[in-house]
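Below is one structure, written out as structure tokens; comments come after it.
Residue numbering begins at 1 within each chain, and the chains themselves are lettered A, B, C and D in the order written.
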Amino acid sequence: MIASLRELLVSFADQIETWSDTPTMAFTHIQPAEPTTIGYRLAQYGQDLLIDFEELTRVRAAVRGKGFKGAVGTSASYKHLLEGRSLTPAEFEARIMAAIGLEAFPVATQTYTRKQDWLIAAAIGSLASSLYKFAFDLRVLQTPPIGEWSEPFGSAQVGSSAMPFKRNPVNAEKVDSLGRLIGRLIGVLWDNASHSILERTLDDSANRREVFPVLFLGIDEMLRVSRRLISGLKIDRAAVASTLERYGTFAAIERLLMELVKMGASRQDMHQRLRDHSMAAWNAIARGADNPLVHDLSHDPDIVAYLPTERVAALLDGADYVGDAPERARALARAIRLQLAQGV
Amino acid sequence: MIASLRELLVSFADQIETWSDTPTMAFTHIQPAEPTTIGYRLAQYGQDLLIDFEELTRVRAAVRGKGFKGAVGTSASYKHLLEGRSLTPAEFEARIMAAIGLEAFPVATQTYTRKQDWLIAAAIGSLASSLYKFAFDLRVLQTPPIGEWSEPFGSAQVGSSAMPFKRNPVNAEKVDSLGRLIGRLIGVLWDNASHSILERTLDDSANRREVFPVLFLGIDEMLRVSRRLISGLKIDRAAVASTLERYGTFAAIERLLMELVKMGASRQDMHQRLRDHSMAAWNAIARGADNPLVHDLSHDPDIVAYLPTERVAALLDGADYVGDAPERARALARAIRLQLAQGV
Amino acid sequence: MIASLRELLVSFADQIETWSDTPTMAFTHIQPAEPTTIGYRLAQYGQDLLIDFEELTRVRAAVRGKGFKGAVGTSASYKHLLEGRSLTPAEFEARIMAAIGLEAFPVATQTYTRKQDWLIAAAIGSLASSLYKFAFDLRVLQTPPIGEWSEPFGSAQVGSSAMPFKRNPVNAEKVDSLGRLIGRLIGVLWDNASHSILERTLDDSANRREVFPVLFLGIDEMLRVSRRLISGLKIDRAAVASTLERYGTFAAIERLLMELVKMGASRQDMHQRLRDHSMAAWNAIARGADNPLVHDLSHDPDIVAYLPTERVAALLDGADYVGDAPERARALARAIRLQLAQGV
Amino acid sequence: MIASLRELLVSFADQIETWSDTPTMAFTHIQPAEPTTIGYRLAQYGQDLLIDFEELTRVRAAVRGKGFKGAVGTSASYKHLLEGRSLTPAEFEARIMAAIGLEAFPVATQTYTRKQDWLIAAAIGSLASSLYKFAFDLRVLQTPPIGEWSEPFGSAQVGSSAMPFKRNPVNAEKVDSLGRLIGRLIGVLWDNASHSILERTLDDSANRREVFPVLFLGIDEMLRVSRRLISGLKIDRAAVASTLERYGTFAAIERLLMELVKMGASRQDMHQRLRDHSMAAWNAIARGADNPLVHDLSHDPDIVAYLPTERVAALLDGADYVGDAPERARALARAIRLQLAQGV
């Protein structure tokens, strides 16, 4: 699982760098908000997965066994067997565990504490959550009215027979389906840890045989499919640019307002005027027209009285209004590569 | 929460040390198994809570804020505002966060990643699980037919009016009731992390107002009550000894067998003979009689032919068959104190 | 809760009838699939809510009390008190419960069976699930690139200050946020029912004080908000028609193929030809062009050799390819009204 | 599943009748409370299972299919195919479904509503909860210090090798282990119903292949094992009587007090006196002595001044203080048989 996650992170780092500068509309409430870059959006998943990588690596390294402590964890029979030898049960246990290459819990009952199962589950659950979100976002962006991203499709692969061009995000849907399963199953391991009584009850046994394979096989499949999704991710530049063109200028109005005021215009007057233009443009778009906002604002006499037409248009360029998203995206990609290189 | 957990751990360390050597029957499958010590049993909870302490301390130290990055995390407006100054948005953010004393996530959207909420929830859930188990074990040991442990009771506190002596473990029951609530509620934060779409949807807002207070107030109450339970824990030495007397000798038969074989007896013959005595003694106990096993075995001519009566009796002393439980219990108490002292 | 659900169902029935015939693109995999009608889509929610109504009504009517049976459900003290009177404890209980207007469980312990809590929870959870889906679908349809539905907005209500026209579906998001909470919380009542021991343990008490109010207040708020969402639902007819125009013709190709074959064309040849036109048209749309499919097909000489241009265009009218969705939608609305009228 | 549940219910009815009159101590808070009868305790499980039977039978009978409605549920292609025939798509569907013997949902999308999956899951979850509780109670009663009930054991079956007589409740533990799994897994079907978008997304597919088999195989195994547990249930009459003897008299003190007052004694004086005797007796028991309460009270001069010694002893007979538990238990067994006979 961790090896697969490493490969996935490399693919994310690659894509983050490839797309670090490409502007795209960000969505909040599934509504166009302000521009960001594709690489910066991908960096969110990358950051989440990097956190998961740290969690899983740490949890993996901390896994301990029960050790050799007998039926209730007291080493009573070992102590008796070792009587007369210069070897305590703890030393005896340490030797065997060293040979196995696994640390032992200092105290244990008939089993190691089932809390460990929960900690493993919580980390796997966290990874499942990251992949769920990535796959879900992809499914939203793949809906044709947005149509910006899509999963890779083989040339031989067809949609439905009636609609050969149809591209259903069946791989992303599978990731989400399995993620949902894992998001509930991990609770069983919380239950087991909580409900074991005194020095152990066997009420964890039957369900662990089901839960552990499903968790591990499920997350492996999620990782495998996710890697295909990210490494073969299709991005339709034209669709991305089209959404940005349609909605991005609105976000840049804030910048125009700041400049107009700086040039001496009345904040209150300009706020109202920009608002009126915005509403008109929005309604035009809703009717299917092209976004008239840049033209309208850069030809409004009351506005060009303060800023030349070209400057107004430049200030309204949403593609240019992405802050330091490119730098932050690239820095995150470097952080991924650095962490993977450290072999942690 | 962490401060309360520290206090709770100190109380556990105290009790572990107090009871490190006191033998008691361990139960697996809620069946008497082999002897252990009370301190060693307490050390299991102590070890679990110490793991929780590490988890919570680490998660707490790693909490990061969104920082100052604007509506979709790109710092676009900050970049515009800072234009012309020798200060990047990242530097600007770093200064403010340093003043606040909180690190910022390198990348963020409209919010910090909701994965952080899940990691906090998983750690709180882990603590809730530990307390759940402790309280549940206490409730089992407090049932009068076992009657070994009980929660502290004020002198003014009465059971039901009809049975003034009745001692219901209402505090331990409360811990379990709240633990169960937390064990389910944390799933909401997994859902929030997974279902947030693109640069954030607001579908986490209404439930977080409910979930976070309940998680934090709930775990605080669990810690507060658990501290009272452990610091005022009543242990009925006579009941503990009585259970041990009744069941402990059976566990020590293994040791007797080893010794008999060492003295030249046939393993097969002795195994059958010991088994017959065991079954007879068990049936006697089930009929309410005292455990006849030590007497029967130490007076069986075929057994005393190999080992003197006193030696047989000594080998059957369950109270002496606790392995290195006392040492391991004390070591765990020291580990708790050490870790708390390190101020981590 | 049931009264609010009745009102909600009436609003759904109204809207189903209003929109029963209006064609719209149906989405599977969040991809345009085939046409349906708005009313038929609404009928899906209506049918789900009607099932919930039946469940809740049935569960509500079946709610029973513990009755009057004393500390462990045996009526021992009542029997003693009633000794000498011609009244059994069961008759005594029946009289009081009749006065209260609540049936009693025939057998009970210190409490009524906690299974009842689970059955109530499962029905509330079912309703929460229906409302979750409706609100989520609305949020998807409200994303401006689709822009077909939106929640009602007051004229005074503004989006963000920078984007006054922005319409965030905050009410639908709230419904989903609370639904998610309920979807996890109900598990606590499963736990309580399962973990209560013998004639009752008190480990349900503390969490029920939290869970029941949240379940009932939460679902009430979900119902209240959902009613506003459906009764004030904004449907942008132009956007609906535009999506249908863009994607609906593809779905109707199946019908054209059937007709061509009926007129003597080769199925294999025509299948290939239609497929080629489809792919070309799809690519044109993805580039932002209007859908050329109707024009291309109705002017292809090999096709008009079998069917006149107008007939080809008519067969490709997706708006006409909605099967019996209108009838089924109206029938469902009638079923809602009938069921509500029956006062069940 | 329903056939197995029927058999299980018959076994419960048999045992309820067998043990309807046998007094036993009831436990609240896992503390001895008042007497009940074994049959009445079993009737609690029986009543829960009967409710489950009704739920499952009802849900099973209500299962509907999607029917034949095409890709998005509108029957568009069927309507076209049936054009010119005197058969509507709805009639066409009705004919096929009648042949299949399954009703169809009046409205559907690409699939039937996933709410149906949740309703099935909730009913299976309810049954799992009942079996969980029964198995857990059995495990508590099987702990040797109580030792009243135990699962059946084959003569060849041995406990651990060191303790051949040891009887671990591994079958009851398996029931609880699987029950816990089901109690979490059902949540996946709530998720599927809630998160399916518009006319269906495929994000339910992968997990349903896992969840449904586990739910159905899991509950079948739980039923199979539970039937063995109840039909072969071992009850140790001596242990049951011993617990009752030790704790039952305390519960009957209430009755004695009522009689003393009726005979003219001061309620306040007697309350104090009885309380003192109770405390003394309780402490004696805790020290391992036999319960002295009956003797002490029936020889207290201030008490026998009002009631003769024999009458005092009779009033303190806990075995006689079981109210109408026997009648209610038998009535429940009859209700089970009646309901099963009705073939519902």
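We adopt the following convention: contacts are C-beta pairs under 8 Å (C-beta built on N, C-alpha and C of every residue); 3 or more make two chains touch, one makes a residue touch a chain.
Worth saying up front: this structure is predicted, and the values here are computed from it rather than measured.
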### Minimum number of chain-to-chain touching steps separating chain A from chain C
1
### Query
So which chain is farthest from chain C, going by the mean of the CA atoms in each chain?
B
### CA centroid of chain B to CA centroid of chain C, Å
43
#### Entry: Geometric centre distance via CA averages, chain D-chain B, whole Å
29
### Query
How many angstrom between the C-alpha centroids of chain B and chain A?
33
### Message
Quick check on chain B: which residues sit in contact with 2+ other chains?
### Response
27-30, 33, 71, 139-140, 160, 162, 168, 170, 173, 183-184, 187, 191, 195, 201-202, 251, 254
### Query
Given the complex with chain C, which residues does chain D contribute to the contact?
26-30, 33-37, 40-41, 43-44, 46-48, 51-52, 55, 69-81, 88-90, 105-110, 113, 115, 118-119, 122, 125-126, 128-130, 132-133, 136-137, 140-141, 179, 183-184, 187, 190-191, 193-202, 251, 254-255, 258, 321-325, 327-329, 331-332, 335
### Message
Per the contact definition, I'd like the list of chain C residues that touch chain A in the complex.
### Response
27-34, 139-140, 142-147, 160, 162-170, 173, 187, 195, 236, 238-239, 242-243, 247, 250-251, 253-254, 275, 278-279, 282-283, 285-288
### Task
Spell out the residues on chain A that touch chain D in their complex, using ranges where they run on.
71, 139, 160, 162, 168, 170, 173-174, 176-178, 180-181, 183-185, 187-188, 191-192, 195, 201-208, 210-211, 214
